[in-house]
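Next come two complexes, and both contain chain A; in the first it sits with chain B, in the second with chain C.
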Partner chain A sequence: MDIRSFLSTIVSVLVALFVYGLFIMYFGGDPLDAYYRMFRNSYLDPNGLYETLRLAGSLAILSAGLSLVFKAGIWNIGAEGQYIIGGIAAGYMIYVFNIGFETPVIPILVGMLVGSLYSAVPAYLKYKLDVNEVLTTLMLNYVALYILYYHVYGVWRDPSTFGFPVTPEISMGFRLPDILGMNFLFPLSIIVSIVAYYILFRSKYGFKLRVYGENREAAKYSRYNLFTLIVGSMALSGLASGLAGTGDFLSYYHRFKPGYAAGLGYTAIITTLVGESNPIYTLISSIFFAGFLYGSNTISIVAGVPFEGIYIFEGVLLAFIISRRYIGRWVKWMGAENS
Partner chain B sequence: MPPILEARNIWVVYGDGTIANKGVSISIEKGEIHGLLGENGAGKTTLVKVLYGVVQPVSGEIYVEGSRVERLTPSKARSLGIFMVPQHSILVSTLTGYDNIKLSYPYEDLDDKLDNILSELNVLIELDKPVHELPRGMLKKIEVIRALISGAKLIILDEPTSVMSPIEVQELIRMLDSLANRGVSFIYISHRLDEVVEICDRITVLRDGSVVYTGEVGDVSEVYRKMFRSDLSYEKFRLVKEQFNIERVKIDGLLEMPKEGVHVILGVEGNGQDVLARRIVSKLGEYGFVGFVPGKIEEAIVPNMSLVDNLRFRVVDDDGLDYIKLTERIVERYEVITESIYKPISKLSGGNIQRFVVGRELELSDKYTVLEFPTRGLDMRSMKLIHRRVQEAVERGVSIIYFTEDIEEALEVGDLISIIYRGRLNGPYRVGDINIDKIKMLMSGIGW
Partner chain C sequence: MVDRREALKVIGIGGAAFALGAGLGYTLKPTTEAIVPADESGKPPVERGTLKAGWVYVGPIGDYGWTYAHDLGRRYAEERLDFLETVYVESVAEDEAMPVITQLVNEGADVIFTTSFGYMDDTIKAGEKYPDKIFMHCSGYKRRENVGTYFVRLYQPYYLNGLMAGAVTETNNLGYVAAHPIPEVVRHINAFHLGAREVNPDVKTYVIWINAWYDPEKARSAAQTLIDQFNCDVLAFTEDTPTVLTVAEEAGAYSFSHYSDMKKYGPNAELSGQIANWGIIYEDVLLRAYHGVWESKDYWWGFYEGAVDITPMSNKVPKDIQNLVNERIELMRTLSFEPFRGPLVDRKGRVRAKAGEFLTRDDLWNMMWFLEGVEGDLPGEE
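Presenting the complex of A and B:
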């Protein structure tokens, strides 16, 4: 990331914070105080830090997968659906099929595989029929969401909860343990980010993905196998989303409920774009966003702002990140004026 | 009467430190056709971008009809009557010529104005067909008319004839002449000296960002000498090769390929060259790597990647290659001007990008190379350089299919010549077996 795009990212974040601050003021809060408390609760408080890093882990794994496709210019909006469907596939390994012994390994592998297949479908349609992947992946998110509801409100509902839409808690043997006091996913996300970075910037495959992302014609001109590029990168991205979905299920929720679909797959689009589709940067942006996501609870308590206010922040930021190139130019222009 | 446009002491420095214009001054009188000449990278494009307000100079003054203009922008330039017709058409290809004009001048008196201009000019303009059905010469004329309707006093033409047939060039020149007589001024950027001599009243020659000559056209060889950095002599090319070893490789019944030689496909662009080139490349691809310079050079580069990566992406699966060394070799042998081979290729000027791509394809291929208009838009020196490298590749054992529009070039580089017209091929002829008049006839569709 050169200095200019770094600066324009910072400017984008500051503007989004400013707009969100106006929103907080509208509800009668003090933005600076709210941001300060949010920071304290998310990063300095031990419980808050645990939650922040858990969220950061999920976001970073999702973002690592999205980096691969975004760099290839493929817009996978379906991380959310791949996350959910991966989790449910893992659920089948636990609730339905009895494999005889309790281990998180098999549900995880199955969850990753199914998440991967779920994103390979729109990828294949794009490859074969040139179907716009934005539409198909987005629509498949809703398919996954209603499949989740079907299981939570229906077949898997725990009868002992007197009607609450939750599934039974899984037994200890299936759960992923904490590592050094951190949720399993955070250390895992560091490894996943490094692997994704290696694929994208150190392997031939990643190089071809980047060429394809920069100039489709150039990739065709060099006779790259477009099947392995389009379907392969989407499958890898689905693999990561499935891992995140399964991981949250096995390490944190231990059951399904409607809130399991918390929109992390959408937030990951923003963390990936903020991190310029570089898995090392997305790890950092995920930690920042996780703090914000967790901290927005704080804001809703101390400033009386509805929790949904976070989406204003995300929306403004997204708009600015997408127009970053122009902001970059503006930053350059300001620099030229001053010097 | 003050000049219609005058620029004084223009300095342009780009963000990467390149100084593209070093104190350039130019003035264009009313009714004048002013030629702007120079090698690739001499600063012509930068200068006209300044005059049209796309690029801001770091210092210098611009006067329009005697009054100083600050911070010129394209919209301000247009309102002052300065228009630009870029090298590649920016008309909306699915709309008719008339609708394209209407897009930029959506007012009620359009029809009257159009009638006036057309009846005065006495040139044939096809306004009722979608422009993608029209030949390129016609597009250029429509773009000029469009600028006039919108109130142009000065029109900047960037390489207007680069993809036109000789007849179309003559028609365009006739039209520009009669417009100049009516007081419209032109800046005419070109590499083609013969045209410039024919059409321009005065010229300005740029070299390395500075003006080296401005004034009457005068002695052509003098102008030619000024354009280039030094006098260079190149070995003469053999017109007919004595040893011509033809092992006829049939390509799908489409054309024959000489073993170790150059088969030129000659014809005005838009007669099916691109389809043919792609078909040949995909057919030959069965035998391994095929060098290919496509007609649209931007399909052959990854703009934001370095020169090294722009070499690497062609042969990424080949582990035995030293990409860095090869890139350095191409940069040196093809005179690509760049500060570093790790700079993004998009920072290079058009001519440098083209020489790099041509060099890359020739250096990488050991059997076959297909070159689609490899010297288009290049100056004479670069053209000669590429011809020489093509011959060297042939001596190395490479067979080459070479697309060109230029008869002289065809005779210079070719061993075999076929003429392409509306998707059909006539030939191949051995150079020396066909006379130039016949070629000219075939190129313009006569004698098929």
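Presenting the complex of A and C:
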């Protein structure tokens, strides 16, 4: 990402905020006041900051994984499903298989592995049969969602909750602790982002991925091993998604509910695109989006904007992000005028 | 791709933009309004002159069902109480209540209503975290000093609707589109079937779970399945949209309104419906809160208190059944009748109430069994 591209991203965000601001005004609210209060609730209030960073952690880990495949031009829409399946796999290590002692380590490793395998299947289909990965990963999200429902409504349901569909809370030994008052996932996401950055921009493998993403023919002529590129990067991406899903389960929810998959896997697609598939930038965009996800309720509270508003913001933003190449040109043109 | 100096520059600009945004927010903030959260003033609501109440809704207020009815209640209370200011947040996922409650408290709410069963644990946690705020949780069973609960006896209108369905059906197959397999919904299904069975002993009620409170697509396919594959000609439902009524209208079958008058979605199909009048509960709670005489308790209001009703009966309901329904309503208004009266035997053959006995409140709130004649899987059946 060069500076121009970065500025066009900022312009996209500002324009989206402006359009959303018009929307707030339409409902009789004061956009600046609403944004200010949202900012205060998301970043200045201790409870809010905790929640925002927790969300940012999950989003950043998911985005770090997605960056690897997006840079390679592979469209993994399945982070949501890999997140769920990873969490369920971790659940098996707690609810079903008794390993004799309580530790979060084994559930996490199993969750990552299973998330990775779940992602490798559509990758292998793409590699072997050229099956479109957008469709397969998207459909596998639904498979994962119904597997979640099967466990929450059926086999793992907590008998002590008056039949309400939740699984029993896991015992303390399995939980991930807070670190320096932050949810475990946020510090972890910084490490994951750095590792993903290193793989993508400092390793030979990352170089090959980027070549493959920019020029399929060049990758072919260079005799790159497409199996390790396609299946390998997808497996890494699934590894990260599985980590996020397992991490949310062990550090925050401590149980499964039908709403366990809150769509973070989809939001991560936006944060990854906003961050130009660079894991360091996606960390920043995740913190921004997490604040917006958490604080969007404030807009409803102070300005009476209906809940659909958040989708308008996301939609406008996505449209501008996708078309920012043209905004970039405009920024360049402005720069030329000034110099 | 990106060298270090450039990355630093980018992060620097990002940080500057961030600080600028925050700074702008601060300076442009109107100074007349206090920035500190209202609870830091340390004064009880009664001295402040106004009371601010916040609602957490599970669906959109335009659902024409559950959330819509609660919002009617909110507006009713706001109209009746001139000291009251209200705010709400729609479509809050069941495990995301805590962030919303925190933000409502930060924005000055004194009383907070959480209107879905799934908010129960978060509401209790919020009660512990904000001991000087009042919380009311709808449809739950956990209370504490500053957390009360409330619900309406909607099984009473469901029972009356069952009487109508049993009389109107020609196939003797009734359908039921149900949200989640929890005691509240199970209670409604049994009440409906109980009424139907009373006037038509051959009747069967087929249940399909859609595992969502608000999912019109799933509700549609469930209703269609009940009509096409189970030969049902009268459908009831417990989920938050008018979808089932619409499908019944298209298919020439019958159905009911749920929580609000949905007649326009099925002018020919609507036989009657269940109505909840949340407004009178809200008014009672808020009046008590304002005058400092609120204390934590459970409201479970029905016909007797005026918190439930049925919508006007269609002329497709036979006259004698209409008379029977009106008679039962009058009895329930004076506490002289209750639908869940023994003998009641569940479909596994266990006696749940002996002849002449009534199910207790705990029985009703833990109900995870179906009456004989209710068909379909019940996850967690006892």
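One rule holds in what follows: the second predicted complex is superposed on the first by the 331 of 339 C-alpha atoms of A that agree within 3 Å, B and C clash if a C-alpha of one lies under 4 Å from a C-alpha of the other, contacts with A are read in each partner's own complex, and residues count from 1 in each chain.
Rule of thumb we're sticking to: a contact is a pair of C-beta atoms (placed from the backbone, for glycine too) under 8 Å apart; a residue touches a chain by one contact, two chains touch by 3 or more.
Note that the coordinates shown come from a computational prediction; the quantities given were computed from them, not determined experimentally.
Enquirer: Looking at the overlay on chain A, is there a clash between chain B and chain C, or do the two fit?
Expert: In the superposition, chain B and chain C stay clear of each other.
Enquirer: After superposition on the shared chain, which partner residues are touched by A:Ile280: those of chain B (first), chain C (second), both, or neither?
Expert: Once the two structures are laid over each other on A, A:Ile280 reaches chain C alone.
Enquirer: Would you sort A:Glu133 into first (chain B), second (chain C), both or neither based on which partner it touches?
Expert: In the superposition, A:Glu133 contacts neither chain B nor chain C.
Enquirer: Between chain B (first) and chain C (second), which does A:Gly259 come into contact with in this model arrangement: first, second, both, or neither?
Expert: second
Enquirer: Looking at the overlay, does A:Asp248 come into contact with chain B only (first), chain C only (second), both, or neither?
Expert: neither
Enquirer: Have a look at where A:Glu217 lands relative to chain B and chain C in the superposition and call it first, second, both or neither.
Expert: First partner only, chain B.
Enquirer: Among the partners chain B and chain C, which is in contact with a greater number of residues of chain A?
Expert: Counted on chain A, the partner with more touching residues turns out to be C.
Enquirer: Measuring by CA atoms in the overlay, how small does the chain B-chain C distance get, in Å?
Expert: Here the least C-alpha separation of chain B and chain C stands at 8 Å.
Enquirer: Residues of chain A that sit at the chain B interface in one complex and at the chain C interface in the other, please.
Expert: Touching chain B and chain C on chain A: residues 210.
Enquirer: Using the touch definition from the top, list the residues of chain A that touch chain B in their complex.
Expert: Going by the criterion above, the answer is residues 204, 207-208, 210-211, 214-215, 217-218, 221-223, 332.
Enquirer: Please output the residues of chain A touching chain C within their complex, sorted ascending.
Expert: Contact set of chain A toward chain C: 1-3, 6-7, 10, 32-33, 35-37, 39-41, 43, 45, 47-48, 51, 149, 153-154, 157, 159, 162-165, 201, 210, 253, 257-260, 262, 278, 280-281, 284, 294-295, 297-298, 300-302, 304, 306-308.
Enquirer: In their shared complex, at which residues does chain C touch chain A?
Expert: These residues of chain C touch chain A: 1-2, 6-7, 9-11, 13-14, 17, 21-22, 24-26, 28-30, 54, 60-62, 87-96, 98-100, 102-104, 106-107, 117-118, 120, 141, 180-183, 186, 209, 211-212, 365-366, 368, 379-380.
Enquirer: Which stretch or stretches of chain B touch chain A in the complex?
Expert: So the residues of chain B touching chain A come out as 15, 285, 292, 294, 296, 298-305, 309, 312-314, 316-317.
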